[in-house]
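Structure first, commentary second.
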Amino acid sequence: MTDDLQQYLVPQEPYYRAVDDEVSLFEAAYAAKMPVMLKGPTGCGKTRFVEYMAWKLGKPLVTVACNEDMTASDLVGRYLLDADGTRWQDGPLTFAARHGAICYLDEIVEARQDTTVVIHPLTDNRRVLPLEKKGELLRAHEDFHLVISYNPGYQSLMKDLKQSTKQRFGALDFSYPKHGVEVEIVAHEAGVDSAAADKLVSIAERARNLKGHGLDEGISTRMLIHAGSLMARGIAAPAACEMALVSPITDDPDMRDALDAAVGTYF
Amino acid sequence: MTDDLQQYLVPQEPYYRAVDDEVSLFEAAYAAKMPVMLKGPTGCGKTRFVEYMAWKLGKPLVTVACNEDMTASDLVGRYLLDADGTRWQDGPLTFAARHGAICYLDEIVEARQDTTVVIHPLTDNRRVLPLEKKGELLRAHEDFHLVISYNPGYQSLMKDLKQSTKQRFGALDFSYPKHGVEVEIVAHEAGVDSAAADKLVSIAERARNLKGHGLDEGISTRMLIHAGSLMARGIAAPAACEMALVSPITDDPDMRDALDAAVGTYF
Amino acid sequence: MTDDLQQYLVPQEPYYRAVDDEVSLFEAAYAAKMPVMLKGPTGCGKTRFVEYMAWKLGKPLVTVACNEDMTASDLVGRYLLDADGTRWQDGPLTFAARHGAICYLDEIVEARQDTTVVIHPLTDNRRVLPLEKKGELLRAHEDFHLVISYNPGYQSLMKDLKQSTKQRFGALDFSYPKHGVEVEIVAHEAGVDSAAADKLVSIAERARNLKGHGLDEGISTRMLIHAGSLMARGIAAPAACEMALVSPITDDPDMRDALDAAVGTYF
Amino acid sequence: MTDDLQQYLVPQEPYYRAVDDEVSLFEAAYAAKMPVMLKGPTGCGKTRFVEYMAWKLGKPLVTVACNEDMTASDLVGRYLLDADGTRWQDGPLTFAARHGAICYLDEIVEARQDTTVVIHPLTDNRRVLPLEKKGELLRAHEDFHLVISYNPGYQSLMKDLKQSTKQRFGALDFSYPKHGVEVEIVAHEAGVDSAAADKLVSIAERARNLKGHGLDEGISTRMLIHAGSLMARGIAAPAACEMALVSPITDDPDMRDALDAAVGTYF
Amino acid sequence: MTDDLQQYLVPQEPYYRAVDDEVSLFEAAYAAKMPVMLKGPTGCGKTRFVEYMAWKLGKPLVTVACNEDMTASDLVGRYLLDADGTRWQDGPLTFAARHGAICYLDEIVEARQDTTVVIHPLTDNRRVLPLEKKGELLRAHEDFHLVISYNPGYQSLMKDLKQSTKQRFGALDFSYPKHGVEVEIVAHEAGVDSAAADKLVSIAERARNLKGHGLDEGISTRMLIHAGSLMARGIAAPAACEMALVSPITDDPDMRDALDAAVGTYF
Amino acid sequence: MTDDLQQYLVPQEPYYRAVDDEVSLFEAAYAAKMPVMLKGPTGCGKTRFVEYMAWKLGKPLVTVACNEDMTASDLVGRYLLDADGTRWQDGPLTFAARHGAICYLDEIVEARQDTTVVIHPLTDNRRVLPLEKKGELLRAHEDFHLVISYNPGYQSLMKDLKQSTKQRFGALDFSYPKHGVEVEIVAHEAGVDSAAADKLVSIAERARNLKGHGLDEGISTRMLIHAGSLMARGIAAPAACEMALVSPITDDPDMRDALDAAVGTYF
């Protein structure tokens, strides 16, 4: 394994608490060379899961944060000008396909609908990537695997995956972990005791009921870890919750009152 | 045949089950140098068919996944900067026209209209491609053939082929194979027995009736193969169907219930 | 005549059946240095006519398939980077104006309205082309002639030629040839007998009545030649008509029935 | 005077029939260094007038056909890559300002509203042009003069000159010449006798009454010269009028009938 | 002071008639390093004022005519390719900040709202300009001063300065000068006697009452100077007013009549 | 510490009056490596606060004024052409992440969403920045910290941070300081006595009540310092207030009257 590739190995086991049978489903999909789509809200652990799987399978992980201005060339590669003329530089997708890494396209729905078309020939039985600018037809490495994440809450007329893209993937649904599991995660990650973590999770559960009633998204596990981390550094719980749970997600006075009330119930 | 060209030969006979007289029609169109348009929904076998025909005719196949950001230069070619100045690089369309390959423009309707206009002089009796930037008028190789695919379900005001493009093609209509044929395909491709394949096809047939009543597209043959592949790797049928057939195509709770019910009927 | 220019000569007399006095009108316009606009629907022979006239006048023909993404530089030319710095490369319009070719801008209405402005100084008595980027004021060659094609059926608010462009051209109206002429053309070009050609033309005439009542365009002469070519290669007439006449132009079930009925009447 | 400049001198006196006091007004504006705007419909002689004035004043004339894709750099100049690095290339506006030519921006309203802003510092008493990319503040040559043309008929919300641009110009209104003058022009330019020219002008006068009642613009003097030129080459008057006067400007059957009737009255 | 800088010194005292206390307010703002915004209609003397102040303060003046296509790089600078590789070229804003000039951004509201953000760090107490592409944090020269102009009449939803930009400036309001002052200016600048100048100013005052009732802007002082200049060169007053005052600003027949009547009252 | 980095150290203690517990909260967030979002209106001291914290923590501060035209490459870096070919240049975000600076993205909501997506992998526990064009996976320096500012008053459908971005930050709310604190700030910064500063603050407090009733934003502390600075240079209070407080923020006559009345009450 080259140094270039090695840097993409996940260096140590990421902390991951399995919720369901997602680990074995992912392993079967990997074995069947079936591309995988991770669905679920912000901050519920999709990225952590793919890191865990990459570690478990011992494969390098190339992550791309998709965005609207990403061109096909950003994924596939381009010519760079060198002292000796132009030199081809593989993009992250090509790099992963060529060397056999897991390629994780995070928040794929942010990419322009048609840029995602470049992954099509990699996601059916052909498993090829035509590098038209280079005149090369790359056949994907045996170990190459494609994973995308997708937040259904963002679906809109303008931004949705095309059916012809969706149908190429097996999908795993993610949501926030169950109470006990989430308490365990928050306590472990933030460095607070279970009692404090329990209160934080309870606040989040209240706030998640407000989703769609004034909040675009609920309070995520990641935010709870933020609040806990501040508390672990001596910040009082109410101030920590204000900074980490309430202020980031809303400026609506009524919503703030509702969230503050939820905080006040527990701290 | 040069190495560059050779890599585009389909290495072995692709598995293809003919549905109708599409093979002989394609052969006649190839002999008549009439460009061909493959019409039909996602995942019903259009790409597999063109691979099969390329193999059968013994011609190299250059595939381009069309997308909105593809420029005419991406098809035709461009100058690259080299150690000795600029060097012309044929695009995939020019490459195919020059050397006599089959050029397959997949999902052409995704390309910008300009991109489609460049194929016009290649699709009438002139069979030329003006490389304006190079000052060359390329006359197409005897063996060159142009094939495009087109999903009528995507037709919209914004994205449709122009009449002046459509009229240049003979068209072959594709749809999902008949029950028996599809069972055979799924069993062969996924490695499951006929009984399991039969159940999967039956689920798909139910789901296809929901198209237009809440589903944008039906469950494709490709998805059935996905489900079967998971089952062949030991995943229980309901979990395999959830991951491969239900979760990828809808987030609507009612649709999920309807699809889960269809799965439950057979497994 | 240089090699560069020579390749644009039409190598042999194109098959062309004159419909009216269009040949002598074009010749007078050429003599008067009056730019010519060819108007008419898709596939009725405009491109063939201009090829025939170029052959008849013995002048090279430079054809440009206009499109929405074509910039003024694509027509006029640009600097390319070379081993010795930048080098000017004439675009097709400049090339034709400099060396005395006929420049045919096909489907000009597809070009951005304002890109067409660059042809203005070539289309009045000045007959010059300012190459601003090069600092050159090119005076057109004696033999240079400008021809554009234009499909009035595509006229829309967004895409129409400006009056200040239209007024610079003499216009020739084209439509489908009369019955006898079209039969002759189809028989000659497709290699079928007159009886078969007669039936194909009759089908087209029925279909052309549907234009504006569900069809955007009628069945063109080119499509009839396609159908005839398949028949000449042994495909049964109904299958040939389905592939070449019906399937390419509509997916509407009612329209398909109407067209199939027209086919069924004759075959 | 350098060769570069010399090529922009109008080589011989253009045929121009003055309609009013426009010649002396232009001369006074030139003496007062007041930029001039020529207003009027398509094909009424604005371009011919500015060529005549350039010839009369003995100054080079640099014409720019404005269009939507023209950038400020197209007017002002840019760096080009050379064998010895980058080299600055004056754009047409800079060239004219530096060397003392008349710069004619034709159809300025086509340029992006904000691109026209670059002419502002040249059109007030500063008469400078900041070449920001070059770090040069160019003071205009004594003989430099700026002229723009403008068709009020095109005014629209999207495309109009800004007041802050308009106020920098003196304006001359142009329209079609009076009957006798126009007959004289058509006869002289097309090479037909006065009787034929008189009939052509009479047809145009009828058609001009249809402007705003189905026609966007009337028949221009240029079009009459076209028709006359065809007649002078032996084309029958009705066919010449059809090709040069009727067919270019309308596809509406009623308008065609009205124009054909006007032609029929005289020929 | 380098030659590059020297060319931006205003060579001689510009003719400027102070209207109010604007000169001392500008001097205090300059001393306090408070950026200044000049507000007022087209052609009322904002540009002349900043030239006068630059002359009075003895500082170089770098003027930028803002426009929609101006990028942040046009203001800040960019790398140019040179014989020895890339070379950084300061943009006008950077040039002024580095060497201590007054930078005048004319019609700032034309620039894209967000391009103006680059001036923010220069307009608070930091007085820095981060040159991100160069990796330099430029601290502005002691003498650097930023002035912008702004025409409130153009304010619209699409084009207005952001509050966070406006709040960084002290603002000076400009309007047309009082009668006596304006007569003095017109007589001085156009070279006509006071009687004629008085009449021209009276016409303008009438026309300014039409602003908002059919005219977008009133007749500016600059236009009066235009009319006077034509008269000083022997053009009759009515023709001079038509060319300089009426024709440039309206094509509406009623407005033309109203303005012609105003002219007729005095000449 | 390299010179490149050293220039970003805040050279001396910025004047900052703490309002609440924001200093200790920021310190805890820094220790917890939790990215921080500063929320609040224009000119209330967010930028000053981050400068103060950078000084207090002794860390270099890299500030980026975000804008709509900023690309991901502007943040992350790009290849530059050098005498020896291309050379990678870190963008400000990469520079800060690599060397351990505080990176402050000012007015992040102005940036295109894509630009904001690139910060995602730096803002969760991975703390990496994939430099796809360079093929490097940068792990952030121990000292790296990310701070963004955000004005909730600008929130709109088109321009708001995505939930998946917001949830990655702890947020601190800022508003104008309390009366006594603001008086102290204005007196200190403008160089006026407390009495004058008190009057200026009182005027601002009145004006802030008009926010949402005709004013988009209230008068900021920065504007009061402007007014005071003019007064300290001998400008009469009413003229100073007009220039610094009233004229910059509104052209509405009623609002002007209301603000003038507020000024008149105190001076």
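Each chain gets a letter, A, B, C, D, E and F, in the order it is written, and its residues are counted from 1.
We take it that contacts are C-beta pairs under 8 Å (C-beta built on N, C-alpha and C of every residue); 3 or more make two chains touch, one makes a residue touch a chain.
Keep in mind that this is a model prediction, so the values were computed, not measured.
**Q** For copies subunit C and subunit D, work out whether under half or over half of the interface numbers are shared, and give different or same accordingly.
**A** different
**Q** Counting only C-alpha atoms to place each centre, which chain is farthest from subunit E?
**A** Chain centre farthest from subunit E's centre: B.
**Q** From the C-alpha centre of subunit A to that of subunit F, how far is it in Å?
**A** 30
**Q** Quick one: report the Å distance separating subunit B from subunit F, using the average Cα coordinate of each chain.
**A** One centre to the other, that is 51 Å.
**Q** Could you give the separation in Å between the centres of subunit C and subunit F, each centre being the mean of its C-alpha atoms?
**A** 59
**Q** For subunit F, which residues are shared contacts with two or more other chains?
**A** Residues 81, 84 of subunit F touch two or more partner chains.
**Q** Quick one: in the complex, what on subunit A touches subunit F?
**A** It comes out as residues 4, 7-8, 42-43, 47, 51, 62-70, 74, 80-84, 89-92, 95, 106-107, 110, 151, 189, 216-217, 220, 222-223, 226, 229-230, 232-235, 239, 243-244, 247-249, 251.
**Q** So in the complex, which bits of subunit B are touching subunit C?
**A** 21, 24-25, 28-29, 31-32, 34, 37, 39, 71-72, 79, 81, 84-86, 112-115, 117-118, 120-121, 124-126, 130, 132-133, 135-137, 152, 155, 163-164, 166-173
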